[in-house]
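Consider the two complexes below, in which chain A is the common component and chain B and chain C are the respective partners.
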Partner chain A sequence: MATETPTSTPGSQPSQKSMTKAERRELQEKQRAAKLAQPADTLNKPKSKPKPPAAQKKYPPGPAEANISSADAFRSHTKDATSAPAMDSLAEASKSRSLRIFSHFGLPKHGPGVKGDIHPCIVRLALQFSEFKICGANARCIATLIAFKTVIQDYQTPPNNTLSRHLMTHLSPQITHLVSARPMSVTMGNAIRQLKLEISGSDIDMPEQDAKDLLCQKIDDYIRDRIIIADEVIQDLACTKIKDGDTILTYARSSVVEKVLLSAYKQGKRFSVIVVDSRPLLEVSWTLSDDSLLPPPPPIPCTYALLPALPSLITEATCVMLGAHSLHSNGAVFSRAGTALVAMMAKQHSVPVLVCCETYKSSEGVMLDGFSKNELAPSHLFRTTLPISPQGANLEILNPLYDLTPPSCITAVVTEVGLIPPSSISSIPTALGKINL
Partner chain B sequence: MASETPNTPTLRAVETLAWKLRRRQIVGSRATALETLLVLRQVISKSRFSNMEQLVSIIRSVGRRLVEAQPKEHSVGNTVRKVLHHIREEYHTATRGSAAASYSAFSISKFVLLGQPRKQTALPKTESKGSLKENDPDDPDSFARSLKPVLMEAIQDVLDELETVYDNVSKNAQNHIHSDEIILTLGMSKTVEAFLISAAHNRNYTVMVLETAPSYGGRDMAKALSGAGISTFLVPDSSLYGLMSRVNKVILGAHAILANGGMFAITGSLLAATAAHAHSTPVVVCAGQFKLTPLWNLYHEYGALDFGDPSQVLGFEEDSLVDKVDVVNPFYDYLQPNLIDAFITNDGDHPPSSIYRLIKETYDDEDNEL
Partner chain C sequence: MDIWATYQRKLEDVQISPPLAAILALVDLCATSTAGTMFELVKALNEGSDSLKQHSPNPISINAGCELFIAFVTLFPHDSASFSDLKMELVKQGEIYVRQALTYRRKIGELAVDFIKDDSVILTHSYSRVVMETLLLAHRSKRISVFVTEARPRGLGVKTADALTAAGIPCTVILDSAVAYAMDKVDCVLVGSEAVVESGGLINAVGSLNIAIIAKAANKPFYALAESYKFHRLFPLSQYDLPSHNPRILSFPPPIERDTVLASSTSPIPSSGYEVFITQEEIAKNNPDVDYTRPDLISLVFSDIGSLTPGGVSAYLVGMFAG
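Presenting the complex of A and B:
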């Protein structure tokens, strides 16, 4: 009864000869896994039909997708997702006569063709990512998770397959497509890792729709617990550090810092804000025009300046509040380019530096400088502000997006588990019991 | 006194320059220095004076007028001081001749007793009876007539120095830049541009230019450098810290070098110098000697004291914001001497600690207040 081999159903899959080497290996691995799983299945559910190998998909693997869809490839992909596109841009960079030390900076590939079975909402999201319509660690993470909810709801487990085993192979090309639009953020990586865990842990016996609903519920919980509630806790904690008459200096646009300032203002605290901004993104002018930082009436007294003016303004600040892209276990904060300069100047003038950051942004690796891993803003998007003639042979424009603030420049990190010194960031996963990471 | 009030065409030239300075139609330290010098030459050639004091007071009053018109352009005052210094020197050589030599002879005992000898100590006028006759009652113009040719020569010297300043600053460029180095610079400074281009004749290196918002002078700099065949990267100001770990040397321009070895420079210089300090990267300043200013800035962290047009930072197209947000656009940074490793001038390379000596040699103490 359970002896049926995959080769006995030749109609539903490409013949062995036409498969590539990788496809064949993948198939073999799945057969082996299926055989291992069968004894357990037969013990538990003697009546259930044996699982045909996963190779019998609804969509036969196209030659392009086959390699990526293997689980191993996906795992390595999430791990160093940002470095993967960097490798691609290496060829491009070396083509132009640039310094080798910049060759690892990841440039997003322009206009990635939609290949394979990509959900339309993912295609749309990728476009928004690549055009920086959705930008920022939190926004990107939430947008990705919400898009995945749609993908999961629209997903149909192919016959003779289980959701817990097949859904991830369905999701991985979607992730690959997103990453090809823009390197994955640490937040997205953490969230996707969590999602993967939930998928693989979902009960096989559960009806498909229930399982999908449960996964969506899990995603909602993740967004609520790790981002929204976390932000609220951070707001409460950071507000206690703002007093009447303070001058808060902030750099660029961090959603958390924005919320902190607004909620402190709603609590009746009267303080002023210095907003510092810089190219390439110039995010703040949008913020200011959103009127979000300027609640009526009376508005928070705001001063706006560009980054070079910082040394003249830092003397007036009583506190510096910054956002973060990710936290590293050595206490360094990876954030929008320019943040390190603000923290450095603040340290020099003995102004406390608070970094507002949810714990789901923590990454386990250690980073030593902002040069080793970075991302370049595509210059074609920001050309509007750059009235420069066509580049000469010797001139190149680089727009790094991130830099790394060393822990020595940070006074405290405001997380939902409290205000902690940067030296203790490494203990966050342990403090959370490592359940969610 | 007729000699105290300069005649009208001269006066008009002074006023024209004063207004140009005030309206910022002339900006940049070298341009203002040149214009000042030309006006001074006109003033000296046209004015009437019968002794040294009158001449000095004429030049000083012109200098005061110009400095008051634009106190931020320090090179105006510096040029006036330099001209005064040269005039006195010429006057002393003309009046005392060989007698001066014995006076300026150094002796250790005198040095210990009196401190460092100053060659510019003004002598009482009664001694100065050489070929020149001051306050000659018969011919009041005889003094001016005999002195003017030397004065013109002295001014020509200053002019020559100004005109060759870029060449002289950059003549040692290849000693400061080595092959395959990565140099960081910012803003648009003609001196730095000449320095880097001169170094590129012998060395093959890379320059990273910060855009230097809001003036974005770095873009012009990047164009100029890449046009000269130097491999150039234009980067936004925000990436400064991230790139600093790979930079070998920071080369800055100056607006004015102060007596304590600090300097005023375009905004962004302080950030770059501080980041370089944090990474222990050397900071080198290229500047002509006309930027040496006998001033101190000990207490103004706000190096600016001068603000640019806020619309460069946040334009009026953001109309909903204009009345809600304060926009600041400071023009200069003040860099403390401890952030600077060396000044490269047309008069050799100096550490910040010896700038005061250079200033003492260049100007007369009595001219520090014009």
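Presenting the complex of A and C:
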């Protein structure tokens, strides 16, 4: 999930505290320059690629204007379909129509550089997020919490204020900055909500340093209890479902599934794995090239295939194990684009589908499809994997990052409270006691 | 003390089902145990339940009872003055629970009777005490007739048929392989259970899955009856994921020696019929005792805590054990 493990983040670069003021300014400057440069060459390109250069200057893409121009286009289209300007606006219309459908998918909002008082470690993290150097729900959540620990330690309560009242107003712009780099994941949202609760509940009479230490301790506890220990329990539970001679099929890359497979192997179970991967992220190829993650020989026998090969491989599988981005209360699993396809195909061939997911990924909302909320992969990062040139007219490249697997296609969700059928996900919060979630 | 012998003795009472017998055996263990601390007691109970499971060919229902009692012991508030008092209290509570549990069948019967219409035909499988109770209760107010499957290999369907006929309920034993033939005449299917698992599915005498699939295909309701002590924290992904599955089940016989094959191929083929050379016992040996019915095939589970959908069962189990 993370190319750069979040725990190594503070060590991999001189810590923010040890950076000189000049260095910090340089970083900010660089960041600002990058932000300013991006709208010109990256953000506009996928949207305005098919546009002739002149039109690009005239109509900067925006949902409101897109609506107007499409309406205009239809009006002029009915009047005179053959005239050149009408043709132009027809092309405009078809393009803006596709934009209108997918414009709500979160593309990074590249604001004018760093706004307000943003801590350098947040600036750095935002860059790592937007460049997909840290990606995956767990990695992003852990990285965010670790960065917030630094922010909290560097924070000074202004005079005539209390920490419990003021710290959140200090953190809000940091969160906004992170969200502008990449839409917030459900895991981050849950963790931040818990952090807010802890901050507002911290004792007013406590000395400031003690209060900050206590908050950092709570953050550490959260990471340990909800992510690390939860993963260990999930490993134990999921391993009981792997037997000698099984063939486990997995899709894309999930840190939990990876851990489950490795720990089952360490327990002496002999099974094989089919790894299915897909564009645009091709996450697994990173795993395969990373030797340190592969178990010592004899390794687990693996088959690597791309998504189109799934139908011929699914019959070989005895069990499908998937990771998740978030879990919704109707039992639907929001996960890497393509997961739904794998789960549906497995259901069709009556292969059990296990989703490995910590309970802190659960979201109270109900999701019905992957269109209402999604995220687009920034095409400038993954363009190298495209077989076609994006220069063609009327061509828009759409890379949604996630999709929604309906609960009917999932046999069980492996959480730290046990194997649970997707229909009973909503009873976890009551079982755990509402406060924890 | 020999816990397996105690278990067998408890099971002699026809009203006591395996999970309750397991609970009673553990209660006896608790009473005779010399444990001085909670930790020792729980350890002794765990050992007792392990030895029960090892002795039994089908540990699923025993496990449900053991798990329930051990969870009860660990969660029981121990504010007694001395540990021996606490042990006596646990024994008392265990016995009270079992006495209460014996009334559950009546409760379930009353719930299920409302789903049986007058003049309806019911299909049931093998022998189940709770189904018997329900059918006898329904017979008092409604005209019902019953098809009961033979339920090989144990053949307990005959026992059901005898009891029902004695009570004056029209009853016919049908072959396990004739379920699909009979299904169109049936109004609803009622089965008991060995255990109800966390997915909301059902573990019951082999053949239940066939009936459930056929009932689903014919759009007939499939009702399961289960006392709440049969609810079990287990999530089977497939038939082969059940604790009762072992390599012997569905195994192929060792290949016949080549020489004998050659010898038989050269000998003239017997002209009249074929010789029966495999006995019922031999067939049963390679076959499962229980199978797992998926939750999507089950319409409702009637239990002493209410009429639950399979989803409701799993929500109840998550709430009970996950906390």
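In the analysis below, the second predicted complex is superposed on the first by the 332 of 437 C-alpha atoms of A that agree within 3 Å, B and C clash if a C-alpha of one lies under 4 Å from a C-alpha of the other, contacts with A are read in each partner's own complex, and residues count from 1 in each chain.
One rule holds for everything that comes next: contacts are C-beta pairs under 8 Å (C-beta built on N, C-alpha and C of every residue); 3 or more make two chains touch, one makes a residue touch a chain.
The shown structure was predicted, so the numbers you read here are calculated from the model rather than taken from an experiment.
Look at chain A after the overlay: chain B and chain C fit there side by side.
Of the two partner chains, neither chain B nor chain C is touched by A:Val366.
In the superposition on chain A, A:Lys241 makes contact with chain C only, not with chain B. Judged by the touch definition given at the top, the superposed model places A:Cys319 against chain C, while chain B stays out of reach. In the superposition on chain A, contact of A:Leu197 is made with neither chain B nor chain C. Which of chain B and chain C touches more residues of chain A: that partner is B.
Contact with chain C, but none with chain B, is seen for A:Pro352 once the two complexes are overlaid on the shared chain.
Once the two complexes are overlaid on the shared chain, A:Thr411 sits against chain C while remaining clear of chain B. Of the two partner chains, chain C is the only one touched by A:Leu419; chain B is not. Chain B and chain C never share a C-alpha pair closer than 18 Å once the two structures are laid over each other. Taken together, the two complexes place no residue of chain A in contact with both chain B and chain C.
Across the interface of their complex, chain A is touched by residues 182, 206, 211-214, 219, 222-223, 225-227, 229-243, 245-246, 267-268, 270-271, 274-275, 278, 301-304, 313-314, 318, 320-321, 324-330, 333 of chain B. Taken together, the chain C residues at the contact with chain A in this complex read 198-200, 233, 235, 237-238, 241, 295, 311, 314-315, 318-319, 321-323.
By the touch criterion given at the top, residues 241, 319, 352, 354, 411-412, 417-421, 423-424, 426-428, 430-433 of chain A touch chain C in their complex. The part of chain A that touches chain B in the complex is made up of residues 97-99, 101-102, 278-280, 285, 288-289, 291, 294, 299, 301-313, 315, 336-338, 340-341, 344-345, 348, 369-371, 374, 386, 388-389, 392-400, 402-404.
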